[in-house]
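Shared chain: subunit A. Partners: subunit B in the first complex, subunit C in the second.
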Partner chain A sequence: MRHPTRLIPLAVTLLACAFLLVPIVQSVLAGLTVNYFRGLSSGLTLKWVGEVWGLYASSILLSIWLALACLAVTLVLGVPAAYALARRPGRAARVLEEFISLPLAVPGLALALALLQLYGSYSGFRTSWAFILVGHVLYTLPFMVRSVLAVLAAIDLKTLEEGAATLGAGPARRFVDIVVPNALPGILAGALTVVTLSIGEFNLTWMLHTPYLKTLPVGLADSYASMRLEIASAYTLVFFVMIVPLLVAMQWASARAQRILS
Partner chain B sequence: MSHRSFLLLCLVPLASFALAFLAIPLVRLVLASGEGAEGWAIYLTILRTPRYLATLGQTLLVSLAVTAAALAVSTTAGLFLARSRFAGRRVLLSILTLPLAFPGVVVGFMIILLGGRQGLVNQLLPGHWVFAYSVTGLFLGYLYFSIPRVLLTVMAAAEKIDPALEEAARTLGAPPWRVMVDVVLPALAPALIAAGAIAFATAMGAFGTAFTLATDIDVLPMVIYTEFTLSANIAMASALSVVLGLVTWALLLLARSLSGGTVAAGG
Partner chain C sequence: MTLSLSRVAKTFAGGTKALLPTDLTIAPGEILSLLGPSGCGKTTLLRIIAGLEQPDPGARVLFDGEEVTALPVERRRIGMVFQSYALFPNMSVRANIGYGLKMQGLARADIDARVDEVTALCQLQPYASRAVTALSGGQRQRVALARAIAPRPRVLLLDEPLSALDAALRGQLRDELALLLRSFGITAIFVTHDQDEAMAIADRVAVMRAGQVAQIGTPETLYRNPTSGFVARFVGGAMPLRGRVTGDHLHLPGGALRLRPGAAGQQVFVRAEDIRLDPEGPLAARVEAVTFLGTHYRLALSGAAPDLLTALHAGHSAPRPGEAVRLSIAPDALLSLPAEDHA
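What follows is the complex of A and B.
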């Protein structure tokens, strides 16, 4: 017979699971039932998901587009920089890494206010999707840099590169042929993190968006405020269907990169 | 091209981006906070205005309560899941990490589904069980997105504890609670401090959840938002943002120096 206090951890774990899972299940069911208040007996339907597509297709597509653009920019900015930081680990490198990581600590609202005050008057830029993209890149870039840097710091780049250099490969060639292939697990983990975070980003985006450029989470806030519960739930369901596979892939890729490190 | 200049070239895109979209905007934000009618005395005004002080106090209080609750729940569940092997363990773990990628607005909606006017609790116990739009709702929302983050940090640290230490304590006759207090918790302390700081900083800066739940709860991000959009009090919105940013940044810096890992606030 186990001591009753041994059951407390199990109870806490199950309660925490219930607290997190119950509203998710409610939301999925509400998005699929004909009338949430009459319950499941009113029947299941995809009508609400269809309405969500009609109302918010442009938001969903904009978010996918922004996530891919954000990925492209973070790759171009982040991978070469991570390489340089890995090859020259000094105080200046630490300071730069620390500085670009500020958006992890400073709330998105504050960053958005800063961007708005500096660039708000350039209306061509302010009203374009590129303005939102800047916010997303700010927020996701540190994840890309750190993910790639962690992998590069764990391998003996110097020896590998010296070998290639004696065979006559220049710096650019060595970057493409040696650094990038070795960094791939980190790049993959970073890429999945960037896409997942970009699709869900709200705090910066809410301040940076314009009425003509609503992303998926901005649309979600809009539906929570003004649509019937079934539509809000169906839209949340669409979001789950997009984000959960990404989250699973992200955790898999990060665990894989970790294994390579150890 | 020499190797050294190639490395510098690799840093140019990142450094230019950080300069144009991070460094200069942040400097602009700090300067804007001093451009109001009262100049730099605006930071004194924050301390002298009861509404701002009350907001600051309420934000700190909710964040502290969430941190304590998230640490208690996630340490209990994390240690349990890290140490037991049973069918369904992976499922429980997946459920507990699922909300990691949920934005604050979605978390707010989850709380409305639980405790809103048409929420589950109010349907089961009709009448008096609408808590989503109050500080309780905010607390639960912050707890919702803090549990997964704290849990992952605790579990990673728990797996590194040498089981021989606990065995030694048990062999010496220590009851389970003494092993917990004298061996396990001290070994987890750096991770707990780090995770606690993340939870606290995240709760301080969380905007989406408060935005979805209510406009009449005065927490710092909501006040910054209303100062900026409704009152057009740019200087005050900037000054409050600077205060909020400094507090969260300092906390996460402390957390990182204690844990050495990558931590991120969000939500």
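What follows is the complex of A and C.
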């Protein structure tokens, strides 16, 4: 028998969902209606989405490019770093592990300020996309290292490597044949996290960007400030279409990596 | 391959002397077992031979006269079966077995042929394409063995390969493993702390104690002519008979036993199977407990010696707990050995 009080949690949950979803749905609809002030009755259109593409295509492409470059750099730096940390049981390695995570504790704005102070005077570098990339790598690297390290710490890496060594595999072969394949779930989860964070990053990027180098979220802020509401809303829609599948994939990959850990 | 070790020792970073300077020579095709209690340095010695652990300066490891002490493990051409098997979870059974051959740079067809051969030898054909995570403990053990022998190593090293299995399976696989190792005909070193395993598999057994080889010899030698009380106890479970030796007699609380000449100042040991129930026997004892073991009874006896003695009694009936019995022990069955520094 269902008592009315049992329905209260359900109602609260639904309300909370509505609280989150209604603005999103409204914003998405605004980007698809012909005239927002006359409402849905004015009809639906893809015109605004097209205009967003016309105005901000470079931002969208820059973000994708930055995310991929950031992924490449964090893979090249993060996987060997996690491996080195996993192989060293000492105290020094644990301290280093905390040190790598430090950028997580520092607000993006502070990180950006530090980068500007350090490199601001190298104008060639300051105005290139590589400058933003450095910020993104600093911000996302801890996520890659942590994710790979968690998986490596859960397997008996030392014995597996010793097994490969007795069969004639040198250090490089062991890394390629044993370490990387067994760390793959962690690498995948880390990679999706890095791409998602890089595409969505605003605080740090906003400080580092130049008028000619706007990323997706920076462009979004720009469109809110200077474009008509329908265009800004259509931009939100574009942003969602890019980020939501990434978020879903990230959830799936972390759940998969978690299964290995347990 | 002839394997020789000279002055091989290992002191760990914390100062633990896991292995004291040890010399050892193993003939081609010989199967040697390292037997000893936990922590006596068996794994350390095996890992030094493999090249997974660096010995203290001054040590020399020779493979057929060639010095390999400084050679890294991947260039020593050894095969190793780990206690935990260390199978690669990212590879199938076949890929695991073929990994060493791939590292040797063999052609695809040669690898396949050799993997087929070894798979058949180890009776793994039904599982060849499975993931190693989908195997039972006994099957994993055989994959680990197949993987180690596939590249035809110069020496095969096994670290307690049966200890991860349950008792029933262990007994069965012990005999299988003994047969397989004989059929490979390669030099092998086998670590165990189970004397039955060592006896069943090895040509010679090295009994280790606290980082040293206490005695090395064939299973029969170790059993019949142990050179120390430790070996007598560890191999065949000999029990000390603490008493006073005068002339050729040993005086115990339950009576006096005749000894072979020359036992003065030595400690006397006896094995459970050499104690007989004998109404005319010189020793008086009391039965404390009786366990029926199918082929015989195991009796716990008090009063004959200061410690409780265990006797094996074959026959259709046994005395009951509490009964007084008399025992005899043939002088030839008493082992007189140098007194142990600690008992």
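In this text, the second predicted complex is superposed on the first by the 254 of 262 C-alpha atoms of A that agree within 3 Å, B and C clash if a C-alpha of one lies under 4 Å from a C-alpha of the other, contacts with A are read in each partner's own complex, and residues count from 1 in each chain.
By our rule, a contact is a pair of C-beta atoms (placed from the backbone, for glycine too) under 8 Å apart; a residue touches a chain by one contact, two chains touch by 3 or more.
Values in this document were obtained by computation on a predicted structure and should not be read as measured data.
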Partner chain(s) touched by A:Gly190 [first = subunit B, second = subunit C, both, neither]: neither
Partner chain(s) touched by A:Gly168 [first = subunit B, second = subunit C, both, neither]: second
Partner chain in contact with A:Gly31 - subunit B first, subunit C second, else both or neither: neither
Touching partner for A:Asp156 - first (subunit B), second (subunit C), both, neither: second
Touched partner set for A:Pro181, first subunit B, second subunit C, both or neither: second
Touched subunit A residues, subunit B compared with subunit C: B
Doubly contacted subunit A residues - partners subunit C and subunit B: 170
Complex contact set, residues of subunit A against subunit C: 155-156, 159-160, 162-170, 173, 177-178, 181-182, 184
Residue ranges of subunit C touching subunit A (in the complex, touch as defined): 50, 52, 72-75, 77-80, 82, 84, 86-90, 99-100, 103-104, 147-148, 151
List of subunit B residues in touch with subunit A within their complex: 1-3, 6-11, 13-15, 17-18, 21-26, 28-29, 32, 73-74, 76-77, 79-81, 92, 95-106, 108-114, 118, 120, 140, 143-144, 147-148, 176, 201, 204-208, 211-212, 221, 224-225, 228, 234, 237-238, 241-242, 244-245, 248-249, 251-253, 262-267
Residue ranges of subunit A touching subunit B (in the complex, touch as defined): 5, 8-10, 12-14, 16-17, 19-24, 26-27, 30, 36-37, 76-78, 80-81, 83-85, 87-88, 96, 99-100, 102-111, 113-115, 117-119, 134, 137-138, 141-143, 145-146, 170-172, 175, 196-197, 200-203, 206, 217, 220-221, 224, 229, 232-233, 236, 239, 243-244, 246-247, 250-251
